[in-house]
Every structure is written in C-alpha cells, then in structure tokens.
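Take this structure, written in structure tokens, and hold onto it; I'll ask about it next.
Going in written order, the chains are labelled A, B, C and D, and every chain counts its residues from 1.
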Amino acid sequence: MQPVSEACEIISNTETSTDTWEMTVETKKIASECKPGQFVHVRTGSGFNPFLRRPLSIGPCNGNRLRLIFIVRGEGTRLLAEMQAGEFVDLVGPLGNPYQLPDNDEVAILVGGGIGVVPLLILSDYLSQEKENHFLLGVRSHDLLPVLPDEIELRGIEVASDDGSIGFKGLVTNLLESKLNDLRDRSVRIYGCGPEPMTRAIKEICMKRKVPAQVSLEVPMGCGVGACQSCAVLREDGVGYLLVCKDGPVFDINDVDLTPGGSS
Amino acid sequence: MNMSITMAEMSFRTPLLTGSGTFGYGDEFKSLVDYNTLGGIVTKSVSLEPRAGNKPPRICETSGGIINSIGLANPGVDSFIANKVSLLPIDETRVFLSVVGNSVEDFLAVVDKFETIADISGYELNVSCPNVKRGGLEIGGDQDAVAAIVKAVRAITKRFISVKLTPNQTSIAPMAQAAVDAGADALTLVNTLIGMAIDTEKQRPLLGNVTGGFSGPPLKPVALAKVWQAAQVVDVPIWASGGMVNGIDCIEFLLAGASGLQLGSVLFTDPFSPQRVLNEMEEYCSHHGVAEISELVGALKV
Amino acid sequence: MNMSITMAEMSFRTPLLTGSGTFGYGDEFKSLVDYNTLGGIVTKSVSLEPRAGNKPPRICETSGGIINSIGLANPGVDSFIANKVSLLPIDETRVFLSVVGNSVEDFLAVVDKFETIADISGYELNVSCPNVKRGGLEIGGDQDAVAAIVKAVRAITKRFISVKLTPNQTSIAPMAQAAVDAGADALTLVNTLIGMAIDTEKQRPLLGNVTGGFSGPPLKPVALAKVWQAAQVVDVPIWASGGMVNGIDCIEFLLAGASGLQLGSVLFTDPFSPQRVLNEMEEYCSHHGVAEISELVGALKV
Amino acid sequence: MQPVSEACEIISNTETSTDTWEMTVETKKIASECKPGQFVHVRTGSGFNPFLRRPLSIGPCNGNRLRLIFIVRGEGTRLLAEMQAGEFVDLVGPLGNPYQLPDNDEVAILVGGGIGVVPLLILSDYLSQEKENHFLLGVRSHDLLPVLPDEIELRGIEVASDDGSIGFKGLVTNLLESKLNDLRDRSVRIYGCGPEPMTRAIKEICMKRKVPAQVSLEVPMGCGVGACQSCAVLREDGVGYLLVCKDGPVFDINDVDLTPGGSS
C-alpha cells in the first residue's frame, strides 16, 4: 500500500511502566493494510517545535486499530505522552519494508531488546496461528518491561533480564544461543529488533552458525519516504549506503554494516 | 482569486515549488501530495558522478529547526537518466533539475546530458551546498566562480536557469548581480546556513559530518533579508527558500520580492503542506482584497 | 568544582560574560544581576562620534529569536568618558570596552582615549555589526580591513584584545586566522545574522531599518559551527556569542572550543540567567565528573 | 526603588470582556513601592518562545497585590491569559518614570484610550483623596470596555464611545475639549495614555491651549531597563532619541515627536 497521511483518533494512551506508553489509535487504512515490521511517521503536535516527526514501529493491530508503544526519550515523545484519548494524532504510513515471513519448514525466533519488541508483537500475531515460533525478550529489569506482564505471559514470551529480576538472568542473546542449540536440527530464521549492541551480537551469532536473520534498525529520519537521504546506513559491502526508511527498516542482517559508526 | 504566476514567460499554476533535496525526484511523495497545488518541483541535486553522501547520522533537530549533512547523495547523472527520469512527475507539474558540481565542466556535463532527453522546464544550479568539501560552499562565496558556471551553462541551454545562492556570505547583492549578469533567469534564495549541534551527554556532534545545513523556521528571517536585499538590485524573478511553514510565511516572502516559494523541510513534518499553505494564502488574499497573487510580489511598504 | 578559567594569562571567576549591547554599560542591570557569577562584562559598543541610532521600531520577535536594528546608538567616546565610565562595575568584575568604528582611525582614537583612564581589562573590537551602513558589515567581510584595524590597535595597547567577527561570511577560518595574525588575543564568535521580519497585516517591515541583527536561540547552531571551525585553526581563546539560554547550551560551546561564554539576548528574558546558567553548568560538571570547567574546552569527540 | 525580579503568585486571572484580562498577583515589593505610570516587564512563561517579556502598565495596587489588565494581541499575551490562579508569573519592576503629580492648585484630567486606561487607574487612586480630578475614557463600543462597568461607575469615569453604545458618542478628545472649556479658569494638567492617534490629538489640543500634559507611550522593548536602546522614541527637537523604558514611559508631551514614524 502507498503511504497515506491520516489524522487518527486516540482511543487510549496510558503509561504501562516508567516512561513507556501504549497508544491505541483508530486509523482508516493503515492498521488494516500494514505488515509486520513497517512503521509510521508520527507528528508530535500541530506546531513545528520539535520540527520532525518521530518514527514508531507499528505494533499489534486489530481491525482499524493500531497500537503504538513508545518510550519517552526527548521532547517529541514527551508531547506524544501528553496526548489524550479523543484527541487526534497525525500518522504517515505504512512506511518501509516488512519482515519476510519464514519459509514453510522454518522455525521463527523473535529476539527483542527493550522497546524493540514492538514490531515483533505484530509479527508474532502473524505467525502464531501457523508457524512454530519462539519469542525472546531482553530487558534491563522487571520494572522496565516494554509491555504489561499479562501480555508477556499470554504470548509466551521468554524473558531475560540483566539483573535477574525477571526470567533468565543474563542477555537475551544467551537465551538465543540456547534456543539455537535446542533447535539444532531445524532450519531457523531470526527476527530481531533492539539496541545496536544486541543487533551486533545477533549478527555474530548468525555468522558463526550460518543462520539467516532479519533485523529492524533505528536511525534519525527526515521525510520517512525515501526522498531526503537522511536515514542512511552503511552497506556491508562498503559501497555506499542503504536507506532505513525505504530499503529498511528491516534488513537482512548481512546487508548492513553494524559496526559503530556504520548505522549511527 | 488567481493564484497563478508568470516568470520569465513561463506560467506557474501556483507560486509553490518544492525545495531541492526535500522532495526527492518527485515520486516518493506521490501518494501524499496533490500536484495541482504546486507550480513545480525542483529535484534533489544531481551531479556528474554518483555521490554516496556523508557519514551518518545525517539529520538532527536543534533550535526549532533541523540540520542535515546529506552530502548531496545522488546516483550521478547517468544512473539518474537510466532509472529516475521516467519517475519524474512531468505530466503533473513543472520539473526543474537541480544540478551540482565541483567545476564548470561538471555543471556543463550534467546539463548537456539533460538537454535532449526529458521534458523538464529548466535547471536550478546549486552553487551553494554547505555539505560538500570541494565545490559547493567555496564556489558559493566566489562571484567569479558562480558567474563562470552560469555563463557556461547559459551558452548551452535555452531552458530556464535559476541559480541557488548561499546565505553564508556577507552581502548578497553583488553575488545576485553577478549571477544575473551571467545569464540567470531567476535566483533561488537561499540554501541552508552552516550549523552544528552537540550531544552534551556523549560529548559528540549530533551529525557524522560535524557541521551541516541548518533549515526550517529559524532560517526564515535570514532568507527574507536576502530576498529583499537581492530584489533591490536585480529584476529577475526570485524563488524564495527558507523556513516557510504556513501561508503567512509565504506572503512575507512575496511582499519582500519573491515570485516563487519553495517549501522545503516543512514537507517532512507536513506532506500536506502545499495544499494547506495554498489555502492559507488564498484566505489572506480574500481578507486583503488581493485578486491576483502576483500583486503582492515586492509590495512591501518601506 | 572550579569554574574559573584563565585566558591569555588573565583569570576569570567564571567563563560567563555579557554580550555587547545587551547589558548596557553594566549599571542598568545592577539590582538584577549578581556580578559574582560573571567573569566579566563587555560594554555596549562605543564609537568616536555619538550615534543616535536607527529609526524605530528597533526590535521585534521572529522564529523563536529577536531582530534588533539599534544601529549602535551610543553617546560617543568623549561623552562616555565624561558620564559613563564612573558607572562601570570595575570593582565588581572585569570590564571590556567594545569599540566600533568606520575606519582604522576611528578605532585608534577610541582606544587611545581609553588607554590611560579606566582600569578596564581590555577591548572587544566590533568589526561585525550588521546595523550600520558604513563600516560595520562591510569591514566584517573584508580580511584586509579587519587585519588593519587589529594591527593598528595592537600597536597602541598592551591590553587584551578580542575581535568580534560576523557569522555573515562564507568561511570563518581565514578571517579568524587573519585577526589572530594581526595580534588578537582572542576572538568573539559571533555577532548577529542579518535578518528581517514582516508584518503581513500592515505589509510593512517590523523594523524601521527593514533589516537587523538576528539573535537568540536560532543563532546557536550557526555560532556553534563558527566556534568549532575557528577552533580548528587558531590557538587563541574564543568567546562564544549566540543564542545561549541555559547551561547545556554553554557546555556545547565549551566542547566546541570556546573558553568564554557571552550571554546576550537571554538577559532580556531572564536577567537572573547568569546565576541560573552557572548553576546548570555546575550540575552538568558534577554529573560528568568534571572538576575544572576548563577541562571541557574543546573536548568534543569527533 | 531599583527594579527587582520577582516570581509572583497569581491570585486571579479572569476575562472581563472579549480578549481583555485582569490578573491580580501577589508581589513582595513591587506593588508597595511602585508609583503610577510605572510598568512591569512580564515573562510569558518559563520557556523562550516567544522570546521577549511583555511590558504592562502597573494597575491599581492594594498592599502587596498588583493588578495587571491586558488585551490578548499575540502569542505572549495569549500565554499570559492561559495562566491560572496559583501559578507564578515572573515580573521585573517597577520600571520607568511615573507621572508627576499635579501642583497644588492644578486640576488633573486623566484621558485614557482603551487599554491605555490602566496606568490612569492607579494614578486616580493617588489623586482621588486629595486632588480634584476628572477621568475620561474613550472606547470603541460598550462591549470593549477595558474595565468592568462597576469600576467605571465607582471611579466616576466619563466614557466616550465611537458608536455611542456607551456614554458620549464621539472621541474622548471631544470630551477633553469640553472639559477644558468647563475648566477654562483653572490650571489643569493632562495625564494621557492610549493609542497613538489619541495621543497626537491630545498634543494638538495642548499646544493650542498651552496646557501641560504627560503621556505614556508604548513601543516594543528588549531589556526594559535602559541597557539595549530598543525602545527609542524621537525627541521633539529632532536631536536623537529618548528611551521609553528609562526616560519614559511617561513623557512631557512636548518632549517627544509623535508624528507617525517618530515613535513607531
């Protein structure tokens, strides 16, 4: 679907844990026509300060409703958090390329780091009926869960936490390695989204084990539609850049240079 | 109300254009923008050789505006002709090719390749990009260099030529005069200011390239001064570029002497802005008894 | 935490200074500002002859900042010496006399009259005011003119000289180098951008002088780029000027290479800002384990 | 008194007629030490957009309380109108020179135009006990009264309106002329504050009749304390400018050039 610009009514907007907000909006077309891994470009108000939109992954959709989950980092997300049910928020989307679904015989492993879980939530909705899939999530501690504990449970998400306050004590990539060991005899495909160090660790694991993986990347954006060249990420082969908004945000992990300074 | 405007014997449906580099090659926004609201578009600058662009991050926010350090990333003229020309919205609106280069020869080569192929309305010569080390900015401050480029391009094309100048100079009037004397049909004022922003937590610049081009609302007063100063000395039409986000901003530029109005960064925030801005300008006109938008050009009372 | 800083063998209680023209001659704000928070003040620019200044209105708001067209209104050096020198807060803080002129002779005459009378710490040579027709801006873009002024003043004073440059130029590095080669002890970067604003209801400029000097937050990214660019080529201390309103802004300028930080327009909005900004800088230092503010100067990681 | 900067609690802030607001604030020193004709420089919020303070005349004071009356014109006054009781507003003041009170034998005539009435309200408080004074006010129509009708009555203000919807139909300067005729045998002193055309008309009347007058002027300001030279107004003698914030805002009407382009 070609992207559209929609003023969407906010159905609810609540803080689910410190500085993490869930906003449900009513769209005309975006929710029903988007695919897992795509994103929306969100205007933070009707003015021009801050100037740019904020890219946010499309979370779980239900009919015309779409869920955004975001962390308040700076001024733009602060303004988004202040918006109330009944007000309107302006979205441009759906934007970017979705995750490619696994082939018939493949087992999907979803690996989220913190707020990076969002596109994996909608991906898991697509997969759960039909495909064997395992959903891993790394967080710093139990009070920084990006989604409510109920949803973690419902979706059967296996959690790792840095401090052991929830689930496995350690990194989500440790969980990933044991999962890969368990599934040694199966073809697997990894779907990742999270902070750069996590994505880099996944890449190392995938290279070592020759497992295919797609990861979603985050870089600052201007237009969001491939017109301005702001969102460049270095190609793995070094010959130039790819655009996160148009060629991504989901990339084959082997196509992009994830060394620090490559993507940011 | 008549929103059309004529410049150098060419008529434009509206005074609104898109600023180079903010609207790609015209196809990226096609599901979001109504071309009927535009008098024309200016493409992302095209150079002779492909350019990968600068090290990321390439965009950041600061002081109510944005800074970009794209570095003129573009596929180069040959690839552009092979892959992009067919996407240009030539049937929908006027298209102006923005051309950039390091030398007179670069500009000539790009224009030469374009002369025969596509039905574009003209060229915008970008002699003012702050994001490339060679060419670009140094050329932008050098009257002789600018004049040489314009004169050379003038000699090989009958098409409309606008010359896009930098605000990073002490006095715009002599540069404007030089560009017009060399044969420019119009001037585009202005490109971005050189700016910089720092992440004090990381103690690093926010841009991979350290400095970049500062655009958006904070650029408006600077652009307005340059448009007005240039309009005092040259007779060719002026295309304003710099910080316009609404109809009133656009009216300011018309009053100061601009005939064309390039929407740039605002397209990122509000891709619907051409339609909105046009409505806001029409509203102004009906409130002020303006029948033809062209009446406002240079109508400032000083 | 040690907030003092040493420049050209002179020690300053804090890196904070006041920008010329925004703090008068130091007495107007005396019941509002705590001088202990300031390393020094720079006076309103003083010229040889009195100047009445430009036609009102002389100030307006736009795009998050302000534009002024004061036109260097000042009583002239003789009247200044007769009536104002005694009001200078010389016992409270360092005082730098800002000097402006149309010619080398003007600058020399003012400095010469000051050499013997008041216990000031030095001069800031304003070769960059956009609000006067002769001198000022034209000088500001001309390396030879700037060098000649600095060289001449250097020859008649042993006092500290900072040279205040305009951001309205293509490339700051050669100008910075020229000023230092001519004997400047420091550079002040930057003066205001040339800007303009229009009242579309009245279809008139908001300033009597049409254009003016644009300052405040929108100037910050431009000033930051100039400070950083100049710091790459010269070794003298740099006094930053442009859009600082809080401690984090100031830290940005230190990281970019400034040692002195001039608060300007912010004094109008918040006369308490020197105290507040100093607290905010101290907070930053304690969060980042900075024991001496001077550690931050030029510490940007690129 | 030297000006101070005070964060003042807002006691009340209400719209008394369309776009006209009365804000009462609790000061530490300003209200008790100011004089009629002085002004405060008001910060419109804690941010920097709009950038400048707004100069507002000091209205009637009661102990430490001070009344501001303002019309919402642009962004700054709009923000002031949004402030609520219990919040704090930042004032710098008292600033500028007050009206000079009349000499013993003089009758005071206060001539206000629209919102220009504000400094005359506090002046009339100073005069009413001791001095004969007449208070004239011009408005465009009855629904644009700058103060509530009760206060008009209480203070015995004689009103002129352009459309005759309240008081005399005509200009306040017509009222002034008849008042001057009535007081033909007395020495009078005029105190004016209002829009430029009114001030110019007063000046003409005063020159013709050789009556002394002081008027308060409005021009855009930067610092408000005499440091920046932003608020210049042309001197009557043409030799340079006076500063409204420091030499004014109250001027002897003969000292300032009021022809258009002089003060603005």
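What we mean here is this: a contact is a pair of C-beta atoms (placed from the backbone, for glycine too) under 8 Å apart; a residue touches a chain by one contact, two chains touch by 3 or more.
Computed from a predicted model, the values in this text were never measured in an experiment.
On a Cα centroid basis, the chain most remote from subunit C in this structure is A.
The distance from the centre of subunit B to the centre of subunit C, each centre being the mean of the chain's C-alpha atoms, comes to 33 Å. Subunit B has its Cα centroid 35 Å from the Cα centroid of subunit A. If you average the CA atoms of subunit A and of subunit C, the two centres end up 48 Å from each other. Shown for subunit B are the residues that touch two or more other chains, namely 64-65, 217.
Contacts with at least two other chains are made by residues 49 of subunit D.
If the chains shown are joined wherever they touch, the resulting network is a simple chain of contacts running from one end to the other without closing. Each chain pair that touches appears in this list: A-B, B-C, C-D.
Of all residues in subunit D, those touching subunit C in their complex are 2-5, 43, 48-53, 92, 219-234, 239-241, 246, 261-264. Only residues 21-25, 28-32, 44, 50, 52-53, 55-61, 64-66, 68, 70, 73, 208, 216-217, 245, 265-272 of subunit B touch subunit A when the two sit together in their complex. Subunit C contributes residues 62-65, 67, 137-138, 140-141, 166, 168-171, 193-198, 200, 202-205, 210-211, 214, 217-222, 224-226, 228-229, 243, 248, 251-252, 255-256, 284, 299-302 to its touches with subunit B in the complex.
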